[in-house]
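Each of the next two complexes has chain A plus one other chain: chain B in the first, chain C in the second.
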Partner chain A sequence: MAALDELREAVIDGQLAVAVEQTKRGLEEGIPAQTLFDDGLMAAMRRVGELFEEGEVFVPEMLVASRAMTAALEVLKPELVAEGASTSGRVAIGTVMGDLHDIGKNLVAMMLRGNGFEIDDLGTDVYPERFVQAIRDGAEVVAMSALLTTTMTNMRAVVEAIGEAGLREGVAVVIGGAPITQTFAEEVGADGYARDASSAVRMVEQVLGRVRATNGP
Partner chain B sequence: MGPEPPQVSIDIEPVGRRVQVAVGTTILAAAQSVGVGVAAACGGAGTCGCCRVRIAGGELTAASEEERRLLGEPALAAGLRLACQAGVRTDVRIVIGPESLTATQRLQLEGLGADVSLDPPVVGFEVVLERPALEDLRADATRLLDALAATRPPVEATGRPPIGLAVLTELPAALRAQDWSGRVALHRPRGEVVAIRPPAARLLGLAVDLGTTKLAAYLVDLDTGSTVGRAGAVNPQIGRGEDVMSRIAYANTGPAARAELRAAVVEAVGRLAAELCAAGERDTDAIVDCVVVGNTAMHHLFAGLPVRQLGQAPYVAAVSDPLDLAAGDLGLSLAGGARVYLPPLIAGFVGADHVAMLLATEAAEASSTVLALDIGTNTEISLAHGGRLWSCSTASGPAFEGAHITDGMRAAPGAIERVHYGDGRFSVQTVDERPAVGVCGSGILDAVAEGLRVGIVDARGGLARSHPLVATDNGRPRCVLVGAADTGHHRDIVFTRSDVGEIQLAKGAIRAGTELLLSAAGIESVEVDEIVVAGAFGTYLDLRSAVRVGLLPDLPLERFRQVGNAAGAGARQLLLSRDRRLLAVELAGRAEYLELTTHPEFAEHFVMAMGF
Partner chain C sequence: MSGARTSNANAALSAGARRGTSSRERVEFALAHQEADRVPLDLGGGLVTGMHVRSVYLLRQAIGLDPPGTPVKVIEPYQMLGEIGPDLMDALGVDVVGVGRPTNMYGFRNDNWKRWSAFNGTPLLVPGDFPTDPERNGDILMYPCADRSAPACARMPKTGLYFDSIIRQDPIDEEHLDAAANLEEFAPISDEAVEHIRAEVARLLPSGRAILADFGGMGFGDVALVPGPTLRHPRGIRDLEEWYMSLVSRPQYVYEVFDRQAEIALANLARIHAAIGDGVTAVFVTGADFGTQEGPLISPKTYRTLFKPFHVRVNDWIHANTGWKTFIHSCGSIWRLLDDIVDAGFDALNPVQTSAANMDPRQLKQAYGDRVTFWGGGIDTQQVLPFGTREEIRAMVRDRMRVFGPGGGFVFNPIHNIQAGVPVENLLALYGAVEEFRGYPIGDPAA
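Up next is the complex of A and B:
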């Protein structure tokens, strides 16, 4: 389908206006919103992730692609709701207390969104209580970002706060950011870590799968 | 209590140190315990990959996840390990490569000569005292002050200057040994006697630039204004993390850690002072004044101030006004009453070193439009235009210091510092013309710039896979700068796609900061008359490369001025001129600090500036 091909291309190239236009055209042509999302936006974001991993594109290209995707998704949203679309899961994401770096976090959020996750973006300088509240509001995944050696330790406080609230069992806690390592993730008791936005999607899918499996339906 | 873990020994080459440690101790901890400096940009978290060592005998703990990722299997198989990760299991011998050894770096001590009218805060007055006698029983101090009151030109001080305990303690012996004469060092702003020196003694001042990586110290003759000695050393705190945030994180682990960082740097400054004095057969007692400049974290750690608040938003300093401290209280042994002046700072990440740099380059005094950048892991930028001054700090990261770069290293012997492409290959120049063992900031900048020029690097930072020098490693492209046959360690020296990415992040952040300052002033880059580039990397970088990659605005090269260690030069000015001290306060007071962290347009500019 031409509309889908062009939509994918527009998203990959980060052409926001074209992506929006092709989405509208697709809907007019009667393509189901879910198809436009799965085979258009999501496929495009997967490709962007691959291109990033192959070293063909870098942060700026990923960001513009994500923005085009987000704009197109806005057009689709009402239709998806009408079609009763299912989401891959609900993720609350934020940069931890004391830290205001949000470019990486936003990229991860957009990649997740582009892969069917529902995102509750808590912003930056997010206190532990706020993450806890997000779980009460329905998040299955808590994703934390930190870019500073001095703030990465605040992730531990969040994991503890979730535990104290008695909510640790049901949720997946994942972390990332430039100074974070797998070892650190294990130390603070997180369920997963990923080094970049494209591997973050795979990781969140896996971790969530595990958590759901242990909690039963 | 369980049994003590068994002890094993580690031989550290090429420095030839042996150390006994408990089984399980990491190599980094062992090396640090005997003062062998191993580069550890991340403070030993296993994220930077700087602390590479080679095992030459014995057994270490199994490679960690981080080591696998940062070194890769082939390197691990060849015996490379990360010192912060690998623990010892038996007696071992390890070799620290020159790229990881912090002690042999090139230190940058040049810098501007201070060109200011000589009016030092501390000046000397020759005095001749009347000897005490049975009919003249005035105390030594009274006698000294009476003599001081009679000098010509008169001492400008209100009332009789006080004499501190440290000077009083030395006074009786000094006066008698000097046959009741001497040279009184008077601290004019305080109106205080800080030393009593022998007649006609030279008064010396010590200017120190406390860099996160390097310390530079200058001995200045306060009577003539000339610099009589200079010396440099690696900042000994470096073993506790290479950047400011890692040091703050370390200091946050407890009061003992903060005290340790403070003691280490104070001791190093003391050693530099002693070294400088010994070279001229002088005594550190001859140093009657001292100025120390540094970024806000270095400044706080040196003064013993808390740094926790600098590591968390909104990153505020404990104090921004100038500090005037007693050298003795700080633990520096200079002349008994000597003071240490720390100039004012602008913000949590725009420190007193930046103020000193602005003084030395006169960037903020001219009527022309001047952009001044001090490029480091944090890059401070100021823009002077139309009588106003804007400053910001942008987080460029350590890429230009060689960290996070595949074959990156500091500007130590064997580091590639210049790269040129011609006749289908790269030719390189290394520090001290030694066989290449890695690439430092100016080299990686050149490599990317040359790559762009000849089409090896595209506008998005991708590498041209079709180029003969570009190979693919696990699907990721890398470009060979120097083949294994010509390197000092017989491995290829390469740059990869992710290295280009690190450069994109660093230059994007610097350029975004620059653009936001220009827009705060409401001007375009063409309106900038002069661009001052300071700092070690800023001095060695090839301007054409910096402009080609977009790190600096595309302006005619004659508008740029590379100034070396301008902060050190500013510190010397502050020893020599009371006016400069006033000006420092004035500049810091009128600088309009632009906070980028919450700036709504930062991300947009950053993303734009990352491309080529």
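Up next is the complex of A and C:
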């Protein structure tokens, strides 16, 4: 499985062209697309997340790794569809109303994508009704970001809007951003808070597990 | 490098001047790591040490400086900072005043003031070229140099409190990338701009306050400036994620941009210094953020290889040729970078984000307090100031005075600009506590 080793290495190092090349080579060698994704791209992004949490890699390195992963995923996508691959879950993500900061939000989206989640990126300055619509469109998780003390309070309005629409039971709400804390997450009625893009993946997996257990199959 | 740093300020200060010092001397004492009569206070000396206009309005009203409905000037349109006028400075005991270039972040002048109302009906004065007509969706778009024929460069969302850059990124042609494309905004300073700075320094010197000058052009890789907000059609690398990636994927390109930018900046500094001499106390060098809430944004190696050489070059030039002190702003958790940042020769560090990971005030003071002045760190603006009680605010101010104050090396300033939405009672509690606890001698009971 030399192709898988080299694919992982290319993604971790952010070598976009090599990652794409190794993905194509893997497919040519007959490695299933799901294996290339699980043991190649996803394993690489998990390693990048670990290195980030260990303080060994930083935002630029994480961005180039994510970009390489995204390019390789584009190659795999038609094959994954053909193999009938399932996703880890569907996440609607956005920066809340009044706030245009999106680097943190984008990093979380990339890490989730690299861990098999389907992402509905709602962008920045996202109003509560847009999050509600995304749940109606099939999102199981709503992920909100805010950089500002002046906009983080808008997260409460989103949780309330989801409740008023009668959709709160079936969905996990997770939040993050520089001024956000666990206490604040509890105050606004979110299901989870993560302090960075890497721990966000684990947290989304956890809360999604809880929501699915509550909802039943 | 330490030899260069013990400059004129020390020599000029006699021990006898310690009591009854002027504002300017108070800041000079702090920067020379000596105790004056009290800890100096900055509010609005720089574009990262000020206050959102909504909060300035409420504070002025609460202190009784203006009749209700009196508008406040927006002196910085990007972050919508309000003017900290001489009357407010006197009321709070502010020791620092700012000087900058004649045009603002978006390349137009702050003049021809007009009335406007925003942020829950706050009465404002904005520059004549400031766009006040919203788009259909309620957003306000900003244009570079107020040129509406160019693509908009910034947006304030309908419910927002300030602007953020609109990214204008042409497709990147890797083969033909030329550093000149990222240097368009860095140019020899005009005679008019030098004269503006000279006149401003001359006007403000008699106030007795310390001048914090922002001459521009030295913010290597500051992502507030990378998108080219003054440029009609920015070229090169202008997308922020692309820029961050370039630090590891195109380091040669970034190095060349910084190298040529430094050359231009030093030539400009020489002309400015020839015009104003040593009237300025400190110079804002760079505001590029190197930290996130949890840790460094970039690796220590990236700082050391790409940024530090240019920080050293600027600091060394200023210390060798002027009596100015140098000032760096970087948000976030930068503990792992501080050995290098301090070693690069900065005299003052801002905003000292003690609310970020590994930024314990006592550890910072102990490790770097003899070499760098903490210009910030006075109050946490993410939790305590906007959401805390008055007693929590008072306790934090007392603690920070006790930790950072002893031996000088502290200019009291909140962590970055004070935002809108802070209860005015909390602002009054903040400045009440500053007044209560800023007097020397100060001891740290925990030390």
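By definition in this document, the second predicted complex is superposed on the first by the 217 of 217 C-alpha atoms of A that agree within 3 Å, B and C clash if a C-alpha of one lies under 4 Å from a C-alpha of the other, contacts with A are read in each partner's own complex, and residues count from 1 in each chain.
The rule is short, and it goes like this: a residue touches a chain if its C-beta (ideal position, glycine included) is under 8 Å from a C-beta of that chain, and two chains touch if they have at least 3 such contacts.
Just so you know, these numbers come straight off a predicted model, no measurement behind them.
K.L.:
Based on the shared chain A superposition, would you classify chain B and chain C as clashing or fitting together?
P.N.:
Superposition check on chain A flags a clash between chain B and chain C.
K.L.:
So, does A:D137 touch the first partner chain B, the second partner chain C, both, or neither?
P.N.:
After superposing on A, A:D137 lies clear of both chain B and chain C.
K.L.:
Give one of first, second, both or neither to describe whether A:Q182 is in contact with chain B, with chain C, with both, or with none.
P.N.:
Touch status of A:Q182: first partner only.
K.L.:
Scan A:E169 for contacts with chain B and chain C and give back first, second, both or neither.
P.N.:
The answer is neither, since A:E169 touches no partner chain.
K.L.:
Mind working out whether A:T149 is in touch with chain B, chain C, both or neither, as first, second, both or neither?
P.N.:
both
K.L.:
If you stack the two complexes on chain A, which partner ends up touching A:V57: first (chain B), second (chain C), both, or neither?
P.N.:
both
K.L.:
Quick check on the superposed pair: does A:D99 touch chain B, chain C, both, or neither? Answer first, second, both or neither.
P.N.:
both
K.L.:
Let me check the overlay on chain A: which residues of chain A are in contact with chain B and also with chain C?
P.N.:
Touching chain B in the first complex and chain C in the second, residues 55, 57-61, 63-64, 97-100, 103, 125, 148-151, 178-179, 181 of chain A appear in both lists.
K.L.:
Chain A touches which residues of chain C in the complex?
P.N.:
Contact set of chain C toward chain A: 155, 157-161, 164, 240-241, 244-249, 292-299, 302, 336, 381-383, 386-387, 419-421.
K.L.:
What residues of chain A sit close enough to touch chain C in their complex?
P.N.:
Answer in residue numbers: 14, 55, 57-61, 63-64, 67, 97-101, 103, 106, 125, 148-151, 154, 178-179, 181, 195-196.
K.L.:
Which residues of chain B touch chain A in the complex?
P.N.:
Going by the criterion above, the answer is residues 42-43, 45-47, 64-66, 241, 243, 245-246, 248-249, 252, 311-313, 460-463, 475-477, 496-498, 500-501, 504-505, 597-598, 603, 606-608, 610-611.
K.L.:
Could you pull out which chain A residues touch chain B in their complex?
P.N.:
That would be residues 53-61, 63-64, 97-100, 102-103, 125, 148-151, 153, 178-184 of chain A.
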